[in-house]
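Multiple structures are listed underneath, in C-alpha cells.
The same chain A turns up in both complexes below, where it pairs with chain B and then with chain C.
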Partner chain A sequence: MSDYVIETKQLTKVYGDQTAVNAVNLHVKKGQIYGLLGRNGAGKTTIMKMILGLTSITSGEANVFGKNIKGQEKRVYPRIGAIIETPGFYPNLTGTENLEIFARLRGTAAPNAVKNALEVVGLPYKDKKLFGKYSLGMKQRLGIANAILHDPELLILDEPTNGLDPIGIAEVRNFIKDLSASRGKTILISSHILSEIQLLADDIGIIDHGVLLEESSMSELEKKNRKYILLQVSDVPKAALILERQFQQKNYSVQDDHTLRLYDTSLDMGAVNKELVVQDVTVISSGLCNDTLEDYFKRITGGEGIA
Partner chain B sequence: MVTIIVTEIRKWKRNKTVWAILFLTVLLGVFAVERACHISRNSPLMDSFGDLYTLAFKSLTSLFLPIVLGIFSTTLFFDEHKNDTLKALLIIPVSKAQLYFSKVTVVTLLSAGLSLLTFTFCIAGGLIAGGFPDFNVETVMQAGLLFIAGGLLVPIALLPIIFLAALSKGYILPIGATLLCLTPVIIAPSVLMGIHPLASMLGIYAYISDAALEMVETWAYMKITTVSPVSCMLSMLLIGAFSAALSLVALQNQSY
Partner chain C sequence: MLNLVIGELTKLKRKKITICTIIAACMFPIPVAIMVIANSYDMKNIFAMLVQLGDCFMMPLMLGMFAMIFFYMEQDLDTMKNMRLIPVPMGKWLCAKLMVIALVSVIYSVVTIFASFLIGLVVGDISGIWSNFIINVLIGILMCAALLPMIALIINQKNNYIVTGILIFIFVMLNFIFIMSITKIPAWALPFLPIAAVYRFLLPYTAVKMTIYLEEITLSGLQFAGAMLCTIFISVIFIIFGFHKKYSR
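Up next is the complex of A and B:
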C-alpha cells in the first residue's frame, strides 16, 4: 500500500504531436497541501484531469488512494472533491439549488450539508440570486462549496482563487489551510501565482512545458535557494572590475545599474567595501540575501511567466 | 437512476426553452379547440371527434414535436458542455450511460407530457364545441392511445438525432439534422415507412383507430394495406438501439 494519497508514475499525455504532460511523477502525501506551480498552459490542469480520470492517459499511471480510478469510480470519487478549470453550475438555478442537485446526486446524507458548505465559503443559504448572475468570485466560492459538500478526504483544486479579489484570496487561502490543519484533508492545489503556493503549500511541484522540474517540500526548497550578497553601489562596471581584479570574483550577476549579486558568500565584505570606497565607488548597501522562490522558479524554468 | 432523472428535471427550473415549448403546445391545443368551435359539424373536416383529435395529433407529431424535441435534446446535452457541468457530474460519479439514459428519459417524459396536454385540449374541445356524434368513451380512449403512442414513439424516432446531440459540442449539427431528417418524411412518407423512423411511426399509428388510419392515409397519400406495424416498430427499435449504442460510444470517447 502506497504512502501517498496521489501518486503518478511516468504520467504522460500526448495530443497529436504535442506532449502536454511528459513522464510526471507526482507524490501527494496524506494530510499535506501539495502546490502544483506552473505557468498557464504548463500542463497543471491536464495532470489533474488525468488523475481524476476525466481525460485518458497516453502512458504511465495515476493512482488515487493507492488505486487507479478507472473502474473504481464509485469507490474513489466519493472521497474526492474537485474544481477543474471554471466551476460548472446551472445558470438558471440559485447557488443553493445547484448544490442541492449535486448533494442529491451524491446521496449526501447530512441534512445541513448544503447550508454548512455555503456558510464555510461565505455565501448565503437560500439566496434568490441565480448562478448566472454571480460574479467570478462568487462562482469560485460556490465551486469550493460543492467540492467540500460531501466532506471528502482529498481536494483537487485547479486555480481555486481565480477571479477572487485580494480579500477573497486571503479568505480562501485561510480556509484551505484550515481544512488541512484542523480537518486533516489532503489537498492538491494548482496555481500560476507563486505567492499563493508559497503561503499555502507544504510540498511543491514545479511544472513547465509538461515536465515536472522539481518536487520537494517547501522547507527543503527554501534551504536549496541560493544565498548571495546583494551589493548596491554607485558604479556597477567599476565595482565589477574591482571584484574581478582585486578579489578574483567571477561568480556574480548584474541586476541593474546599481545592483550586483555576489554568489561567493565567504567573501570578506569588510575588505570589499573598503576597497570599493578607496577606489571612489560609493557603497549604498551590502548584505546577505536568500533567493526567493520566484528567483528559483525563474532559474529552473529559464524565464518569466508567473505572478 | 430515478435520482438522476429527478435532478435532470430539476435542472429545468426557470428554463425559458421549456416554458416556450409549453406555451407553444398550449397554443396548439387552443388552435384545436378553436377549430372545433368554428368549423361546422356539417363540414367533412370536423364532423366527428376523430377529425378533431387527428387534426391536433397531426399538428403535434408531424412537425412540432420532432423539431421541439430535437432542439430540447440538443440543449440537454450541449448545455452540460456550455455550463461546464459535465466534469462535475462525472466525478460524482454519474456514469456517461446513466447521463445518456436519464436525458433520453427526460425527453420521453416531455414528449409524453406534451402529448397528454394536447389530448386534454382535444377532450376540452369536444366538450366545449359539442355536437360530435362519436364523442364517447371508446373514441376518447382511442384518441388517448394514439396520443400516448405518439408521445412515446417520437423520442424513439429521434434517437439518431440524440446521438448527434451527444456527439457534437454545438447546436447547429443536431438541429440542422432534425430539419434535414424531417424533409424526406414530409415529401414522401409512404416510401420511407419501415425505413425512416419518423415515417415508420405512421405505419404504427394507422393501426390504432379508424380515424388514425384515415389521418395516415391522407398524410401519406396512400392506402395503408401493405405496411406492417410490426416491421415499422422493429425498424424503429433497431435504428434506435443502434443510435443509443453509438451515443454511448461517442460519450465514452469524449475527453473533458
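Up next is the complex of A and C:
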C-alpha cells in the first residue's frame, strides 16, 4: 500500500499519431497540494481525465487511493471532487438550482451542502441569476462549488482560476490553501501560470509536450535553482575557456555576448576575477543572483517560458 | 430513481422546448375546433380528427423534437462529466429520461381528450366521451412504444439537430402517409411503421364509419402484437447501445 493518494505509472495517452501524454509517473501525497504546471496543450487535462477514468488510458496505469478506478467508480467518485476544463451547467437554471440537482443525485451531501459550498466560493445562495447569464469568473466559482459540494477528500482542479480577475484568483487561492491546511484535503491542481503554482503548491510537476520533465517539492526546487553567479565580461569565449581550463567549471551557461552564468556558487570569485584580468579579459561585473523559477522553467522546457 | 426523474424535470425548467411543447399541445385543438364548427361535425368526427392529426402526427413530431433536445442536452452543455463523476448509473439515467418522455406523451393525450371535450361542448355533442377517454389513454400508452424507434434514431445520431430533425420528420411523415391511405402495409414493414400500426389496430374505435376498405386494413391483435414486440425489441437494443456510447465518450 503506497502513501500516495494519486500515483500514475508510465501513464500514456495516444490520440491518433500524437502522443499527448508520454509515460508520466505522478506522485500526489496525502494532504498536499500538487501543482501540475505546463503550457497550453502540454497534456494536463488529459492526465486528469485519465486519472478520473473520463478517457481511456492507452498504456500504463493510474491509481487513486491505491486502486484502479475502473469498475470502482461507485466507491471512489464520492471521495473525489473535480473540475475538468470549462464548468458545465444548465444555463436555464440558477446556480443554486444547478447545484441542487447534483446534490440530490449524489444523495450523500449534507442538507446544507449547497449553501455551504456557495458560501465558500463567494456566490449568493438562492440568487435569481441564471447560469447562462453568469460571468466567466462566476461560472468558474460555481464549478468549484460543485466540486466541494460533497466534502471530498481529494480535489482534482483543472485550471480553476481560469477567467478570474486578480482578486478572484487570490480568493480562490486562499480557500484552496485553506481546504488543504485546515481540512486536510489532498489537491491536484493544474495551471499554466507559474506564479500561481509557486504560491500554492507543496509539490510540483512540470509537464511539457506530454512528458513530465521534473517532479519535486516546491521548497527543494526553489533551493536547487535559486542561486547562480552572473558574470559580465568583455570576451565571453575567452572567459569560458579560462573557467574550464583553470577552474574546472563546466556547469555554466552563456546568456548573451557579454554575460555568463555560473551555477557553482562555491566558486572563489576573487580568484576568478583576478585570473580573468590577468589574462586580459575585462570583468564588468560579477555577483550572486537568484534565478527565478520562470528562468528555470524556460531552461528545462527549452522554450519560451511561461507567463 | 425518483431523484433522477426530478433532476431531469428540473433541467427542463424555463427551457424553450418545454414551453413550445406545452403551447403546441394546447394550441393544436384550435384549428381543429374551427374546422369542426365550420363543417358542423359531430363528436365522432372531432375525435377522429384529433387522433389522426393530433395523436398520430403532431404529438410524434413534437415529442421527437423534445426528445432530441432532451437527449442531446448533456453533451451540448458539457454536463456529461458532472453526471459521470457522481457517478449516475447509466441504466437508471436512461430509464429516467424515457420516463420523462412518456410523461410528456401522457400529458399530451390528456390535453387532446380535454380538447375534444371542450370542442364537443361547443358543438353540443359530447356522446361517447368516456369511451374516447379510454381509447385515447390506450393510444397514449401504445404510442410510447411506437415512438421508441424514433428515440433509438435520435440517440444513435451525432448531436446534429438539422439532420436528426429531418430524419424525425421523415419517420413521422412515412407513418402519416399510411394513416391517411388505405394501402395495405406488408407484414415485414409493420415494425418500421409503428405509429401507423397503432392507428390501424385501433381503427374500429376511432373511425367515423367503418367501411369495407377500412375493415380490410385493420390489423388483427396478433399482427399488431407481433409488429410491436419486434419494434420494441429492435429499438431497445439500439437505445441501450447508443446511450452507452454517448455516456462513455
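Following the convention adopted for this analysis, the second predicted complex is superposed on the first by the 245 of 307 C-alpha atoms of A that agree within 3 Å, B and C clash if a C-alpha of one lies under 4 Å from a C-alpha of the other, contacts with A are read in each partner's own complex, and residues count from 1 in each chain.
Throughout what follows, a residue touches a chain if its C-beta (ideal position, glycine included) is under 8 Å from a C-beta of that chain, and two chains touch if they have at least 3 such contacts.
Note that the structure is a prediction, hence the values are computed from the model and not measured.
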Superposed on chain A, are chain B and chain C clashing or fitting side by side?
-> clash
Report for A:236: first if it touches chain B alone, second if chain C alone, otherwise both or neither.
-> neither
Does the superposition put A:82 against chain B (first), chain C (second), both, or neither?
-> both
With the two structures laid over each other on chain A, which partner does A:200 touch: chain B (first), chain C (second), both, or neither?
-> neither
Is A:90 touching the first partner chain B, the second partner chain C, both, or neither of them?
-> both
Chain A residues where the chain B and chain C footprints coincide 52, 54, 73-74, 77, 80, 82, 84-86, 88-93, 97, 100-102, 104-107, 130, 146
Hey, which residues of chain C end up touching chain A in the complex?
-> 3-4, 6-7, 10-11, 13-15, 73, 77-88
Counting only contacts in the complex, chain A reaches chain B at residues 49, 52-56, 73-74, 77, 80, 82, 84-93, 97, 100-102, 104-107, 130, 146
Residue numbers on chain B that touch chain A, as the complex places them = 3-4, 6-7, 10-15, 79, 83-95, 255-256
In their shared complex, chain C is touched by residues of chain A numbered 52, 54, 73-74, 77, 80, 82, 84-86, 88-93, 97, 100-102, 104-107, 130, 146
